[in-house]
Amino acid sequence: MPLLALMILVPAAAGLACLLVRSRRLLPALGVLAFSATLGLGIALVRQVLALGVVTAWNGFLFADALSAWMVLVISAVSLASSIYAVGYFRRDLADGTVTERRFREFYVLTPLFGASMFLVVLANNLGVIWFAVEATALSSVLLVALYNRRTSLEAAWKYIILGSLGLALALMGTVFVYAAACKNNTQSLPSFNWTYLMGVAGQLDPRLLKLAFVFALIGYGTKAGLAPMHTWLPDAHSEAPAPTSAMLSGVSLKIALYALLRFSILTTACLGTPYSQHLLLGFGLLSMCVATPFILVQTNMKRLFAYHSLEHIGIICVGLGLSVPLALFGAVLHIGYHALVKSTIFFAAGNIHQRCHTLQLPKLAGLLKTMPASSILLALAVIGIAGLPPFGIFLTEFGIVAGGMGAGRVLVSVLFMAALVTVFSGLLSHVAHLLLGAPTQEALGPRTPLSCVAAMALLIALLAVLSLWLPAPLLELLRRAAALIGGSP
Amino acid sequence: MNLDFPILFAQTALLLLLAPLLSGLIKNWKAKLQNRRGPRVWQPYFDLLKFLRKDMVLSEHSSWIFSVTPYVLFLTALAAGLLLPLVTAQAPLGLFGGVLALVGLLALGRFFLALSGLDPASAFGGMGSSREMTISAVAEPAMMLAIFTVAIAAGSTNLSQIVLASQGPGWKFFDPSRALAFTAMFIVLMAETGRIPVDNPATHLELTMIHEAMLLEYSGRYLALIEWGVAIKQLVLMALLANIFFPIGLAPETTPATFALGLLFLAAKLLVLAGAVVLVETSNAKLRLFRVPDLLSAAFILAMLALVSTFLFS
Amino acid sequence: MNPPTAETASNLITLLASFMLVLQLLMAVQSMLVSNIRLFALQSLLLAGIAAVVGYAYSAWHVYLVALLTFVGKVVFLPWLLERLVRQLKIEQEIRPFVNVPGSMLLCGALTVLAYVVAHPVTSLERLGSNTLAVALALLLTGFFLMINRRKAITQVLALLTMENGVMLAAIALTSYGMPLVVEIGIFFDLVTAVMVLGILVYRIRESFDSMDTSKLNQLKG
Amino acid sequence: MSDLEAWAHIVTSVQPATLLGASLCGYGLGAVGGLFFMLREKLATAFSFGAATLSALSGLLAGLLMLGGGAGSPAPQLELLPALIPSLRFTVRLDALSALFLLVVSLLGAAISIYSLGYAKGFFGRKNAGLLGAFYNALLLATTLTFVADNIWMFLFAWELMALTAYCLVSFEHEKPETRQAGVLFFIMSHIDAGCLILGFLLLFQASGDYSFASLHGVGAAMSPGKRDAAFVLFLLGFGIKCGVVPLHIWLPVAHPVAPSNVSALMSGVLIKTGIYGLTRVCFDFLGAPPLWWGVTILAAGTISAVLGVLYALMEHDLKRLLAYHSIENIGIILMGLGAALIFLHTGHPLLAALGLIAGMYHTINHACFKGLLFLGAGAVLHATHTRNMEEMGGLAKRMPQTACYFLLGAVAISALPPLNGFVSEWLTYQTLLQGFGTTDSLWRLAFPWSGAMLALTGALAAACFVKAFGITFLAQPRSPAAGAAHEAAPSMRAGMAVLAAACVLLGLFPALFIRLFDPLTQQLSGVQLSSQLSLNHGLVLGLPAEKAGSVSTLGLVLTGVCLLPIPLALRLVFGRKARTRRGPTWACGQPGLTPQMEYTATGFSKPIRMIFKALFRPRRDVQREYDFSPYFATNIRFQSHIEEVFVERLYRPLRITILRGSRRIRALQAGSIHAYLLYIFVALLLLLLFAL
């Protein structure tokens, strides 16, 4: 059984197993087990990729290059953390009856499937398969968003699915165009739709068609990736989902859609030879950053605050990718990882706060450093990380991106970039300072935060801290290759 | 460094002895102008002796600052005097500092005086030191600017240099910039020595007094030192004004003859200046406190004009 | 395969495609929900027809399969599912769009023109029929417009499905063989699951909102 | 014997680099230790602040060795961490400029750390002293790194780290809302300046293509004038915010007072100097030959900051806020020197430029010393009276005499009165400005004496302000029970203050000695060495390079005073032999019983100034009388007076309000209607289809 296949089948199997398992005890164990397995597999995969360059399986149906391997690592890490977190989280929810037994099982069935479909996205070779894998991530996560079955969560889920599948319809159109372009210049009856093949013949594809394709893909996958102005579902879905799911949505699933979009962009660039797609990415990235800013400044709900913050960071990543100079690309790729770690931590913290204080309204919360020190300190660290302050790595990546921009002579872009960063920081700081510092305004209503919930956060923060100051050589190499890949050198 | 000790001692003595005489003189002339007999010219000496002999009462609230101040005031005034070319063109301690140091020393004295105004916990002292510091603050820039005009012209802040430079053949009084600067300095002088229209040295009325208010708690020896120090300060300022604007007769090299000559010239200049002061004091009424800044800002403007005109005419 | 067949096939496809567009416009003006669903079924039938024609013309068996899937899925299953939903939830028949009928007609016309403009440079690439790509784009855009213009959840789903039809039409028209089978099947199953998930949500929303008007779903602000 | 040789060898072989590395490690260790022993306060305090002291000393030694080595001694380099991205390396380098500022931070750091050993005890049981120690060390570490950073990346890394740790310390006592707000304001402002700096440095990077400072030397020549000016403006904004140049200063008087006093001392003494360091580094090292307007701008900014800073300080009766405003004033004075130096570089007078640099740098050191001293003194007072409000103090000179002495020294020094160090550096500044008049024929030369006069105004106002600060705080009767019950500060605190007081005196009396240290600096930045020309008569007198342009000898003045002292003493012996001295009540218009309420208040003291400058302060007063039958016989009067902080009221608050209002408007985009959302996507798609193809 090849590695890549296992990568997808293990979580899928875990999901199906959860469907059958009776005992409530076993479900969390299964989740944790599955994702720790994928993490292990992911590390093995990295070794293989570094050795072989490109790994394929099932005669080219699945394939993994540096970029996919990196994404695999990110997905596994976050999913593992969130499955660990979920243990304590749902124990409490079940205890106070916020979720029913049925929904509880639903969660454990859907989450591994969600993971599996994300793995499929990054490991699939065929653009069509990538498309329906992305759709699968949407379908598997929408019911998770609706898990609490509150009016608001249903509304969020509805918007998510409608906008999501609309976007995906457009993305499909884009895919079709690429396929059409591929058909044109091949002679055999059924053309291969494989990424590897397409990259091979990128030169001969029809540019007009590819432009059209990229436009559709940009709007389509952009919707799923939460690029402004297609982001509107994002704050709703991310704030209404249960914390573990929010973490996975904000932490990875956005980047999964971005990954699909990225493949299109690489192909388009390879075909056109002009930075057409990169300019579009740049524009949408900046737009997203600017759009996120005012919402962060005057936000009143903690989870929404950080959902918009994810929007901003998707923007940052897109700017980095759009600048397409080595430093910026490296920064962007690394940023994907750092942001995944930190953002999940923050959503975990939000979950803890919600279960402890039964509200996420920022004006009502204050002085959490006193009431729930452990989570607060970890949250503080995470916010320091996400705000792009040293010693954490996001400072490096953001500096890399803006330095790349300046190096490429894009002064205006860099200025806008910095302005957005600074404004967002000021908003974030004032909210978080009020949240954590000072004297607590209200008594904690909920139970104490269980160990696993803190452990998951601590795990991620520790990982972040280590990776901020020291990247293992193989990982560094992997990142370089990924950046080079996006940069256009295969 | 080579100190000319005879000159040093002579100038020290001169400062000590001349100062009370000058203030006595001014008091006397003022009285005369107001058709009063007024105190004798020598009265200040007798006052000082009297104060020195009398017992002292220190406020029970006052701290060591209160006791240090008289010495600081006295010594700074004296030291400042030694930086100044009084009789000879070459100031005895000119090497130790120029006009900036002189101003600084006087400021140090004022600083301590103001502190000891606050020290005895009475309301008058505080009021006095508050007003004193305010007025000096507003006076400072005008004074500096006026000094800068001459300093720039001489290319030095060393008073001896300034004097020597303006002793040259090129020197003329009716250089507009000098005239303006002189006027500015004169106004500042009136403020710094606490004279009408800025302050009234004769009054002890709570609401009007400035300088005297700080001294209310002083008595005996300390009062003597302070009075004397203030007198020396007045002498120094007037001599400064006199010598840097009319550097006539300052002895370039020190022989007894030239020294005597210089002494005469100095006396003459001081008499004239004192006369001017008396005239201004008698012909004006004291200004309200918050009108004083207008006067001093006028002085500042004059000094500024002086600068501009040096800029224009050089 | 012999040229006349290809000729006729191409003409036939053009005809069917244009009928699809016509049906789309009818949907835009049709104010009854059930008949909307039926119109969609009809449109899907035309799509299946096109697929069948392609399959016949190029004797490509897997395109027949596509035709079959489309028929089973979009002509039979989904309409049935939707009508059942309508009946069960007693959704009122009247569709009250935001833009009135003439207005929406006008806009749809404009969108169709836009579709032609956009498609023009690449029409040379079409394998089958003429302007099928333009028609496909038009279906997509008008479907999008319908989605914005309809209040009810279920009608939005319907609009989404018509967009899907447009995409499939483009797939067939541009590529002459349809997509690789695995992709086709994947798309098909995704579609079905999507509609089912939507169904579930519709049920739940119905339960907690007792209304299907999505313009009432506006509690999440800012 | 052999041991001795070994020791001798070790001592002689000590390199600045080693010492620097040692001090950096020491700070790091102190920070970690503080966290590690967090639960055992005594141990944590002793460990972290002890470590800080030692590291500071070793840093001090490094700086001295480096500067003592004279001009042209090679700048040692260190690699701290492996780089994640090859081009972004964590390297530090100790050239003359860095060494000078290393000297400042280490000197102050040592003194404050000693002080903190006692000061931190005040937190025991209330806040976690170990945490304080950890943050404190981290702050020192970051600041030192900022001064010795060798490339853009390292500099910005340290810069942001410094802001972060400073924020943690400012909001250390975050229970008070004002502290929280102060922290937030501080951090936001410093993030803005970081943004400006990043852009500015990257503009330089565009031209040089390399991050290392060595490669940035004189890079301005390779830039287009527009970009060069843009970079200058960005740096002016960025560093200006950090060092509190008016009108970018608003965070400073808010943030410095609320921090623990030892931290306030560090922030006011050193942190804001990072701005000066950066400005010097950039303007004299990187940007190449400056156009005239740069220098004029900095000179003007300095003058305005100096005057406004001291004016606002006068209006304060919160002791620490008052000191914070004085930091703005002194930064202004420093900038006057630097601005003049820039102008001289433009007009081509390297010698005068060196003089201006020395004036600025000397004042930097001096300000670090006396401001540190004053803040430590304020801390001791705070510690004793538990209030920052001067109106509730008084009479402390009797209760804490040593602290009073040190504070008085600081006050005299900061008021630029002879013979202390403040006077010396302001003397140098005056001289620079006066010399400047002759350098050019353009109308600009009037700027020199003008700003000289403003400097005089500043000095006089500062004197007034510190008469008030010292007089109201330490003299007369205590105005509150707390002040009455005040006690002398702990020995270690006094020791810390003593160190700085000594520094103030030495720097004041022996300037010619210390000016030698500037030779490498002036050599590096303006290509000349001056100290030999500045010191006359074996370094007893400070003179000017120009012939007989002026000289001063604070030592000489002191000696003169000492020699003249016999005169008053003799007077006493001769005449006052029979005079008695006794204590008596202060005269209170014949009323018995003088109460503290009769004393002059801080507010009252500064009233005349407030009235004179009312155009600036826009003072508001409201008087509430409670009376029985006639307002003239009030039974109870409440008097309140406020002044308006122009820049906050007229500039920052409106800006903030507009931004927030705008944001609220924009939120309407996310109104919850799915149709609207669909429409956004639709429009985006159409636009792309129409224009992007």
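Quick notes on this structure:
So that you can tell them apart, the chains are marked A, B, C and D in the order they are listed, and the count of residues begins at 1 in each.
What we mean here is this: a contact is a pair of C-beta atoms (placed from the backbone, for glycine too) under 8 Å apart; a residue touches a chain by one contact, two chains touch by 3 or more.
Keep in mind the model is a prediction, meaning the values are calculated, not measured.
Taking the definition of touch as given, a chain qualifies here only if it contacts chain A and chain D alike; those chains are C. Centroid to centroid, with C-alpha atoms defining each point, chain B and chain D lie 35 Å apart. Averaging C-alpha coordinates per chain places the centre of chain A 79 Å away from that of chain B. For the pair chain A and chain C, the distance between C-alpha centroids works out to 31 Å. If you average the Cα atoms of chain C and of chain D, the two centres end up 71 Å apart. With touch defined as above, residues shared between interfaces to two or more other chains in chain C number as follows: 118, 144, 147, 214, 217-220, 222.
Not a single residue in chain B touches at least two other chains.
Listed for chain D are residues 667, 670, 672, 674, 678, 685, 689, 693, each touching two or more other chains.
You'll find the chains touch as A-C, A-D, B-D, C-D.
Residues of chain D that touch chain C in their complex: 667, 670-675, 678-679, 682, 685-686, 689-690, 693.
The part of chain D that touches chain B in the complex is made up of residues 394-395, 397-398, 401, 404, 408, 412, 415-418, 423, 427, 430-431, 434, 437-438, 443, 445-446, 449-450, 452-457, 459-461, 463-464, 466-468, 470-472, 474-477, 536-537, 540-541, 546, 548-553, 556-557, 560-561, 564-565, 567-568, 571-572, 575-576, 578-588, 594, 596, 598-600, 604-609, 611-612. For chain D in complex with chain A, the residues that touch the partner chain are 81-82, 84-85, 87-88, 153, 156-157, 160-161, 163-164, 171, 174-175, 177, 180, 183-184, 187-188, 191-192, 194-195, 198-199, 202-203, 205-206, 209, 659-660, 662-664, 666-667, 669-670, 672, 674, 676-678, 680-681, 683-685, 688-689, 692-693. Across the interface of their complex, chain D is touched by residues 98, 114, 118, 144-145, 147-148, 151, 214-215, 217-222 of chain C.
Residues of chain A touching chain D in their complex: 155, 158-159, 162-163, 166-167, 170, 208, 211-212, 215-216, 218-219, 223, 229-230, 232-233, 235, 280, 291, 293-295, 297-298, 327, 330, 369, 384, 389-391, 393, 395-396, 399-400, 402-403, 406-407, 409, 411, 414-415, 418-419, 421-422, 425-426, 429-430, 433-434, 437-439, 469-471, 476.
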